[in-house]
């Protein structure tokens, strides 16, 4: 630390290379090779201290800038100022005390910390919003074990008059969500995974693979409501076609499986794109090691390539499930809107949690007294989040069981 | 077990780039053959054609005939997988499977092919293979630890154990000892001497002493210049190659005067 | 030895066939979707004048004037979302893969994944009830000091339900998608290469720019494209957050701008199947399709330019 | 489930009163229309979908009807009028709810599903549309005429203390707060009916009636009735329009000038306008679609209303469906059901004449 | 340039596993020191502590002192990055940056600080470094091709070129020649002899002849058994180690009688 000035102004001797005789000293070498070990690093307390100072300074700034009469703190502004001050402060101090490379490193490190904090803010905010109201809704008797049959404006009016608590539940929506999502997953994951396997392992950039990549890209841009329309139309024409062949089919196309088809259209591209990327980074030498043992390609793919990429694949699948389990618009058009439990995806209407949430939120049961509906909506949202969390956890457990053991070099 | 190998006018390409040209060689069954030559001359490339690993790379292809005993492995209707079960390979860089434990790595040839076997049978295979590769004592207490946690040398021996475990007819080794210490090297060399009683062995090495120690015949490869194809310059008994080569390039190379 | 074990080879071909079949299956599904869209879009540009049958003619100009403000709105909202989300997501992914304490990084990744688990309706509700009012002072400030820039002009929204708020909400929604893809790729960066950079005396950031980011290029772009797909197609959150209207320069005014999906969702329930308006709604869906296509082609092109330097070898 | 029982328990007193109602009324109905099946004989599933305006009332009706039936289950999806009609015409729904009547093309299509006579409308939900104002310092209803309303909603009058407003409200102390118009961003029956009123009655409103708010008059907008009410209650000085039943205590409503008087919004005043309206004519034999008299000058009428219809087949494919339709439709138009809707959703019960006409039509439903 | 290295009682851990125990060594500036020993004895591990690469692995840590000239590189306030700029490293496995061209690979160290240099200056650096690593002729026509398209040996020489290009004080080499042919090996050995005039060089090798040829001093590491820590058994002049070792283990190892 003492020699920091020396670091910045290296003596000519220190920059001369071995072949220095015919080579004039040049800047890069000087910065690459400071001639002192110490003084090139900020002490451990530097970052926390710098952060604390920034927080204080920005606090002062926010108070100064704020309303003179009324003492109020704009949290967002505080965060922004603190982040900026911290970034600049840490950069400048490091630049002055050490050098530009270190300052740059410091700057990006802080920027990444800021990005991370920034990402946490909405998460905390959303989860708080959901959890606070939602938890209250969850405590209502029978919320998870009953459905919405017989629940109407009068029921909520009763709640308003204190005759009873908030009634009604989401059993039907949980079942609907799980059944429909499961079916969509059963369709999409095998198709998506197999397709990415085809793209990575089999196709060698041929026209078919280019066409697939191209169209998968296009599929990522299908608006969900259009997917719903498509699902409904496809099922209706399939049913009338099957009917004309004399195959016994349900009379109506509104049912769980139609929604699953619509969701698959949204899900497949996500599965393909994420898993494709994960398969591509599996090192070729592992494939070769397996081939060299006389293992067939399909076994190599299933037992070497996929396990090596499993954590990425699991993340991708979870992502795709999370992507579709929260869909609203396509479900309404394809699965209808049921108020009671229906386990059968091939007959009758179904409701999913997002549809339920949307309905309770945008069209509360009672025209003017919205509390019970909002409670149901947020509580259902909380359950939905918990379900996806659970799925995520399962995916991760699966991934950990098969994942490469990350030790060694 | 063990088969002879005959290459007839073999050209090996990477896309349009001819990497190895016109190789003619006859490798006897139950023998050890060493490939030597400067870096980049195509030893690895040629070796990989012997078990059709070459074609795994996109655009890579082979012209000519390559006979395993009397069957052309590049003939039509030949299944490369069958070829590879007959011709095992150990790579230049150790590549244990990162998802598998040491034990599973050794059994990979069986397990990946879906073979079912009793626990005791598997234990026996693991122990035999690891002993053969001189690794048993070092890893016997951590068979269930990941294979990637071993040192470079240990990893390479693990890969040898894995290849030997499936008992192929021919074993190709691409600088198998380049990451090993002398003792392990010695063990592998002993292993090779023992294996050659049953198997045909082809080994690429940069270590002349090793070539001299283990092989009966040696092939010298060379390359005229960058962008030019590699060629097999001379193929003869190892003693001839090292003591009395007929080609001047070979002579200069083995005496270290090259370049 | 000629043909080896037939069963095994058969299985191998079977699996290859299966994989290829899945790929073709996707093409078929998409062909159906495209067929559906194109068929039903046709009526948007070729139809009869109101009421007068047998006088069908082209109305391309009409459709374009209906569609372009929505296209612009959709692009604005997606660009805002990506401008915010992509850098933050890459930052978060780097934090998880290379900065966080190794023990904590898994759980942190898990926490961020949670964001993906929140349904868009909830984001919409959160955006409209919580976020939008919070942003009002910012809009007032922007308008006061930067009002001379057209995009901050006009009278700032008193409710905060503007296109920029919608963009912010979308950015939160796409963040976990991009983060998740990037993180998985970043983690895959070969240790060997990272160590090579460190051994040259690279700082952590330099190591990242030298090895991690180039290695992950394709993955990052894939992640961003996935995020973009979501941003372009997001319906409910925008419906709830945005107070929509015709297009305008200002992005801090409410009652302005609309996006394609939200426009479809708002108008679809009341449009009669087969009517010109209905066809128009499907047709703007097709337009969104085409936009996605163009953006993705661009992305693919960027990735392919550096193919031979890819990290897998 | 268990909870369903709780729900039923809570409505026992109503249920009993209905039961008695049913005893007398139901009997009368049966005499009137001869052979309408009663709810108690009905079981099975019945699906409907369409306008969200119906939803609150529909859920009440469904609960009650199911309670009276022998195991019937009715589902209603609020997918919007347009989707509701499409779904009905393609056979997905057995009845539809719609804010607007079918047009000719749709009527023709309906002959595919509903036999040669096609489908018909029943005016089952008559809802006054309130003009709601959220204005600090004003807690009495505001008097306005159609022209002033037109000017306000087209954005020409921007402040609450404008002359034009004050003129109608000499007793009110109006603040100078800015007027913020809040309108629906989605295409909606409410907007269509409201703009229909403005187009017919106001000389300052330049646009035609449409379900989509004119983009030249755009202001703050939100999704759905809940959306506009929620948004308007956040803004001081906001004015919006919504189904009367959904306007809560945060708002005062507008008393609309009709024939020289200011009519306060009420079920009776809304019903009065229906009486003053003409049947639309055309369509199925027993169709009951209406042409609402928006520009009526009859005092005591409140012309900003919407009539939401349920649409039924004249002929259902099976006897079960026909019975179900008859029983459910008859229940919906019953005095008891209409009163229930008025209580919970603030609608105007249909008149006795309309009911008789409706029962007549329902009686014609047959199985094909 | 060039610095001396002194280890005082150095213990190296992987988590709780003590991999190398109690190393005391003094390496003079401008000398070549070879580390030999059986596989798994901790040569790589110890070498990686010399430029603080060890701590890159999660859970890995070091106890004791390690002086570079007089500064403890594990002292507080010492920046590992600075240490690594002073102590360069060539790894056991070649690891060129796959996303960079050959040219960029060589210049990688310079590019770090965003230093701007003229095209000709850069060309000069590239040529000097590649010539030094005996690679120039093979790659001069494809400097803009990816580095990963080279053969194993070529890749390793590229890595050496990359390390040498930034002119560190100390160069650590972990079996740098294990993937090279004799000619390249010879070239690298020549390079080492030249570099040692200015740099301190530490090299891990399994090749005794190589150790004997290039190094002035040799350290012999050994391990008592699996799970036990590796130890430095003997450290002396290379001639002493190979001809007249004082320790019996060393004697057995260098004479190949081990194991």
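When the chains are written out, they are named A, B, C, D and E in that same order, and each has its own residue count from 1.
The rule we apply is simple: contacts are C-beta pairs under 8 Å (C-beta built on N, C-alpha and C of every residue); 3 or more make two chains touch, one makes a residue touch a chain.
For clarity, every value in this text was computed on a predicted model and none was experimentally measured.
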Problem - For chain B and chain C, chains touching each - result: A, E
Handout entry: Graph distance between chain C and chain E, where chains that touch are linked
Key = 1
Problem - Furthest chain, CA centroid comparison against chain A - result: B
Practice task
Report the most central chain, judged by the distance from each chain's C-alpha mean to the global C-alpha mean.
Solution key: A
Practice task
With contacts defined as at the top, give the pair, A-C or C-D, that has more of them.
Solution key: A-C
Problem - Chain whose average C-alpha position is farthest from chain E's own - result: D
Practice task
Starting from the mean Cα coordinates of chain A and chain B, work out the distance between those two points in Å.
Solution key: 46
Practice task
Report the inter-chain centroid distance for chain A and chain D in whole angstrom, where each centroid is the mean of the CA atoms.
Solution key: 42
Problem - Distance between chain centroids, defined by C-alpha means - chain B, chain D (Å) - result: 84
Fill in the blank from the handout: Residues of chain D that touch at least two other chains are 52, 79, 83, 90, 223, 227
Completion exercise
Among chain E residues, those touching two or more other chains are 81-82, 85-86, 93, 109, 112, 166, 168
Problem - Residues within chain A bordering two or more other chains - result: 32-33, 101-102, 283-284, 296-297, 361-362, 409
Fill in the blank from the handout: Listed by label, touching pairs are A-B, A-C, A-D, A-E, B-C, B-E, C-D, C-E
Exercise for the section: Enumerate the contact residues on chain E facing chain C in the complex. Expected result: 51, 53, 56, 58-59, 81-82, 84-86, 88-89, 91, 93, 95-101, 108-109, 111-112, 145-146, 148-149, 159, 162-163, 166, 168
Problem - Complex contacts: residues of chain E adjacent to chain B - result: 36-40, 44, 92-93, 134, 137-141, 150-154, 157, 175, 178-187, 206-208, 225-227, 253, 256, 258-259
Completion exercise
chain A residues touching chain D in their complex are 141-142, 145-147, 149-155, 157-158, 163-164, 167-169, 171, 236, 251-254, 332-333, 336-341, 348-349, 359, 361-368, 370
Completion exercise
Listed in rising order, the residues of chain C that touch chain B in the complex are 1-5, 8-9, 12
Problem - Residues of chain C touching chain A in the complex - result: 8-9, 11-12, 14-16, 18-27, 29-30, 32-33, 36-37, 87-92, 94-95, 99, 106, 108, 110-123, 125-126, 129-131, 134, 137-138, 172, 175-177, 179-181, 183-185, 188, 190-192, 195, 201, 203-206, 208, 218-219, 222, 225-226, 228-230, 232-233, 235-236, 240, 260-261, 264-265, 268, 282, 285, 288-289, 291-293, 295-297, 299-300, 310-313
